[in-house]
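Each chain gets a letter, A, B, C and D, in the order it is written, and its residues are counted from 1.
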Amino acid sequence: MAIHHFEPTVYHTAIGAHEPVLHIKSSDTVFTTTVDNAGYDATDTQVTPGGNPQTGPFYIDTAEPGDTLVVRFDKLLPNRKIGRTATVVAPNVLDPHYVASEMLEADRAEWHVDVEAWTATLISPETQLGNLTLPLEPMVGCFGVAPPRGQAISTATSSTHGGNMDYRGFKEGVTVYLPVFVSGALFHLGDGHAVQGDGEIVGTGIEISFDVQFTVEVIKEKSINLPRAENEEYILTAGNARPLDQAVQHATTELLRWLGELGLEKRAAHILLGQTVEYDMGNVFDPAYTMVCKIKKSILRDIGIWDTD
Amino acid sequence: MAIHHFEPTVYHTAIGAHEPVLHIKSSDTVFTTTVDNAGYDATDTQVTPGGNPQTGPFYIDTAEPGDTLVVRFDKLLPNRKIGRTATVVAPNVLDPHYVASEMLEADRAEWHVDVEAWTATLISPETQLGNLTLPLEPMVGCFGVAPPRGQAISTATSSTHGGNMDYRGFKEGVTVYLPVFVSGALFHLGDGHAVQGDGEIVGTGIEISFDVQFTVEVIKEKSINLPRAENEEYILTAGNARPLDQAVQHATTELLRWLGELGLEKRAAHILLGQTVEYDMGNVFDPAYTMVCKIKKSILRDIGIWDTD
Amino acid sequence: MAIHHFEPTVYHTAIGAHEPVLHIKSSDTVFTTTVDNAGYDATDTQVTPGGNPQTGPFYIDTAEPGDTLVVRFDKLLPNRKIGRTATVVAPNVLDPHYVASEMLEADRAEWHVDVEAWTATLISPETQLGNLTLPLEPMVGCFGVAPPRGQAISTATSSTHGGNMDYRGFKEGVTVYLPVFVSGALFHLGDGHAVQGDGEIVGTGIEISFDVQFTVEVIKEKSINLPRAENEEYILTAGNARPLDQAVQHATTELLRWLGELGLEKRAAHILLGQTVEYDMGNVFDPAYTMVCKIKKSILRDIGIWDTD
Amino acid sequence: MAIHHFEPTVYHTAIGAHEPVLHIKSSDTVFTTTVDNAGYDATDTQVTPGGNPQTGPFYIDTAEPGDTLVVRFDKLLPNRKIGRTATVVAPNVLDPHYVASEMLEADRAEWHVDVEAWTATLISPETQLGNLTLPLEPMVGCFGVAPPRGQAISTATSSTHGGNMDYRGFKEGVTVYLPVFVSGALFHLGDGHAVQGDGEIVGTGIEISFDVQFTVEVIKEKSINLPRAENEEYILTAGNARPLDQAVQHATTELLRWLGELGLEKRAAHILLGQTVEYDMGNVFDPAYTMVCKIKKSILRDIGIWDTD
């Protein structure tokens, strides 16, 4: 249960088997930072090329292929005052004929991020939105482990190893589960958002650098297929694919598997999901889209398959 | 502002330009009933063949092509005690390889629906779920107006005219907006669900007959492209297509149009949606899937483009 | 084996259970005409509103639900000298970002169609293409039977009943098979193209009116799921859906069923298709796309499951 | 114009910036071999783990990011007598409900490959197909260059760098064009098929080891977006994505770009493709599907934008 303070100096725009920046153990906690999507740090200085650069990878000592890596996001906090967003809804999210007739020039908007007031306030460009103020909802857009087969996968997309899922639910207090494909798991994270709409439909949230604290654990000889997570209220699975239909298939199948691991027989699991399942939409901007499938823990408790918290 | 009590005797499993069952006027209210998806009424007697049979069509006197029909769902209440669901997650919602290895026999489950206690309780088959009890959340799975071009479209699917959208948000208190394609609009509704999970992934909610009260209004010479709705908290649009990606495109484009009609210029609308849009998933069982795109009215009030309620 | 000469006076832009224009019998032959996609006839006069207006429906006397209607296209011939095409690749066929930056104004091109020389020659607008001359390849874009459930389905799309498939293989000499959903089958046809690229990616072929001769037959108590066809070289099935992936699923499944009907056991059918199947792409402009799955008759003869022609 | 004889000893199941096995120059020719999809060589001995292992990468001396690598497949020839296929159509290629009811056990079939007779003959299992004999049509399923951003991408999928496209048109005599993302380009190839149906719908062609001869060239400062190719009759582009709709978008957009590079203005290019474009379907088994968009060189010659061969 060691505590590590790690200041990154290298970043990666593909998640893969890069040289580990730190070796840690199961139950250890790490305090670190992430730069924003464009490589700008807490002082708003560009320290690395853009493209969702990741802090890491962190090598978790006992993690081996076939295990599951658990990461709890203890703290996710913007560490500077300026955030930036794109300003045009992505053409892949709009009707093709509408796109053909209607598109805007790409541009940047700037937001003042105030962690005391817990708000983000639009400061430019000047529009009818004036100084629109939104409550903060900090989340981490991109994280994951080294993928299988010696792959290194761009942080512009996502797959079974995690990656750029841009799901608003990946926020402070959430515990994520990732399949381990290589020795040490090689955990990466980055691409913090102070605020984000569902789908990241303009291609950005309010992009900002973060102070991060996370704690890892290794579950030995437990194999999962996709990123999973739990928060106070839900267990959830994240399907990453395109079209969204396939992301729904991946996430639903994995939640059925999880219910099976919890001891629920198949017929019961199907009946249960039919009337209680919920879905949230993650990224619809990337090559791979993300759909989250979830069920309330309170229901699992009612039927006696969830004891903890 | 007349009030009509209408007892249906014919039902339709395609939404089209059928003989109207009742002529009503803008601002009129109708009390009526719907049978369940299989054609069973409040006494659990089959009175018409299955397939989401619709009550109606109701002819609204001044509605003409190019207008918008407004329907407020004043009351949506199960009117019998037995509801039924399918028990197998649809193969199109699961990974194809998982389907190939894992499928169950189709079957029916029965639920006791208690509108006093506001609960639905599983009574058969016997599974680990025991007598799982869920809170009621009555909603109408299928409604719409006669489509354009002389079409009649199966109530197993959905399109610009509405249809089988199976969105949990179409519940009591919601006001829906539908494009008018034919004189009289020809409003149909049916397929009530006492409870439903997102996506209707087993192909049914808890299917049950309903007592229904609704009130119509006609907005002259206002043309919309897709079903829209508002509830206390949100305005929303429903995109109906497959894959889900296209449903996202339809719904997002229509919400941008709506913001434009509210007086928001395009650049502001794009920036706004980017950080505040939300999506809900409707039906992923039908030929056409449904995705809902929405934004909070409180935000629209903040920026001065929403005055009412 | 009667021969009918039928001159149409009404046309339909949805395929459904309209009043039959002619009652015919199995083995009868019909000589008739079709107008072009915009409702212009052999004299280039608009006689009906546009939108792929259909000639028909023809009521085939003994056809009942559960039967198969066979239609042989004996003759498909442009009957005027002017054809027209759209000039812009549809935005849904291009990368969304490319669409956003690159689109052209919609426009019409005119082609001189010469059935003696068997050519179509571009006559306007003036472009680098000059008087581009292409060989004729006349085909019928849209045909089908009344769909199930009392539906009437727009001739802008396609489904199990046929519809606007825009497949270049539906040309003279081809025999098509359609599932019968209503008494009399109610066959419609229209939307002739003198020439068309795969996919009808600009939304039109060279649109032109046709002289048509077709011969029908009814196969009693034989039920198929989708349009099928055969030409001299191939048997083929047409899947109509979106995305194309689903059209592939429909067409492949139906060809497996057909091989089963020919007496091939399943394992053999899978091995065979794996190394010999071919696909052609039909319409990718409509709400529903079309994919054709086919296999050579010569291979079926080699393995002893195809005797005829 | 050196000639290299290269005997591989290492293989890769991801395409990326691996240690080059050989440095060659523009205009050089390489004679080498590939193992089959499962890692078996010309003696049918497994020499490396399965998963489409690639021979290479070859470092082409002057190739730099922003250039185009040209590879001519001079010779692609099976170099042993036994080939193997899977025997079950992939569930993602079939209707989900059909899959749920109908699937077979996975199995292997063996084929005798005779390059003298130019045939592949089924030798097991015993089915109604007997000793089905098909003409050889050798092609290379997977090839490509190191992708951008430091990625290494599994040979089970495809993208802008090439990869597992399984297109029947990638055969002897074809010249392919690949975008260069890293110094030296780093060309890989493998996964030879003696025969394959469109789509590789059982997940394999007749998998076999190959003798290969290829010749490279570098086009400096010419940037393309996707794999392109030409054969005697066509120029073509390969879109790699899922769903197929997106693969169509990629391939069509790239062919429009190519026509622009040949000097055809946009309006002319759109009109031309509308009536003359053709599509072929590549892999529909992988995470990313492949669609090829092509146009006849004879038409390009007619309009004066194609001089050579």
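Simple rule for what comes next: a contact is a pair of C-beta atoms (placed from the backbone, for glycine too) under 8 Å apart; a residue touches a chain by one contact, two chains touch by 3 or more.
From a predicted model like this one, the values you see are computed outputs, not experimental measurements.
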| item | value |
| --- | --- |
| Listed chain pair B-D, A-B or A-D that repeats interface A-C [over half of contact pairs the same by residue number] | B-D |
| Copies chain D and chain C - interface residue numbers shared by over half, same or different | same |
| Centre distance in Å when chain C and chain D are each reduced to the mean of their C-alpha atoms | 32 |
| Separation of chain B from chain C, taking each centre as the mean of its C-alpha atoms, in whole Å | 34 |
| Gap in Å, rounded to a whole number, between the CA centres of chain D and chain B | 47 |
| Junction residues of chain C - those touching two or more other chains | 92, 94, 96, 242-243 |
| Pairwise touch network: line, ring, star, complete, or other | complete |
| Chain D residues touching chain C - in the complex, by the definition given at the top | 85-89, 92-96, 98, 102, 104, 107, 109, 120, 122, 125, 127-130, 132-134, 195-202, 204-206, 242-245, 248-250, 252-253, 256, 263-268, 270-279, 281, 284, 289, 291, 299, 302-305 |
| Contacting residues of chain D [partner chain A, same complex] | 12-14, 16, 51, 148-154, 156, 241-243, 246, 287 |
| Touching residues (chain side chain B, partner chain D) in the complex | 90-92, 94, 96-97, 99-101, 103, 243 |
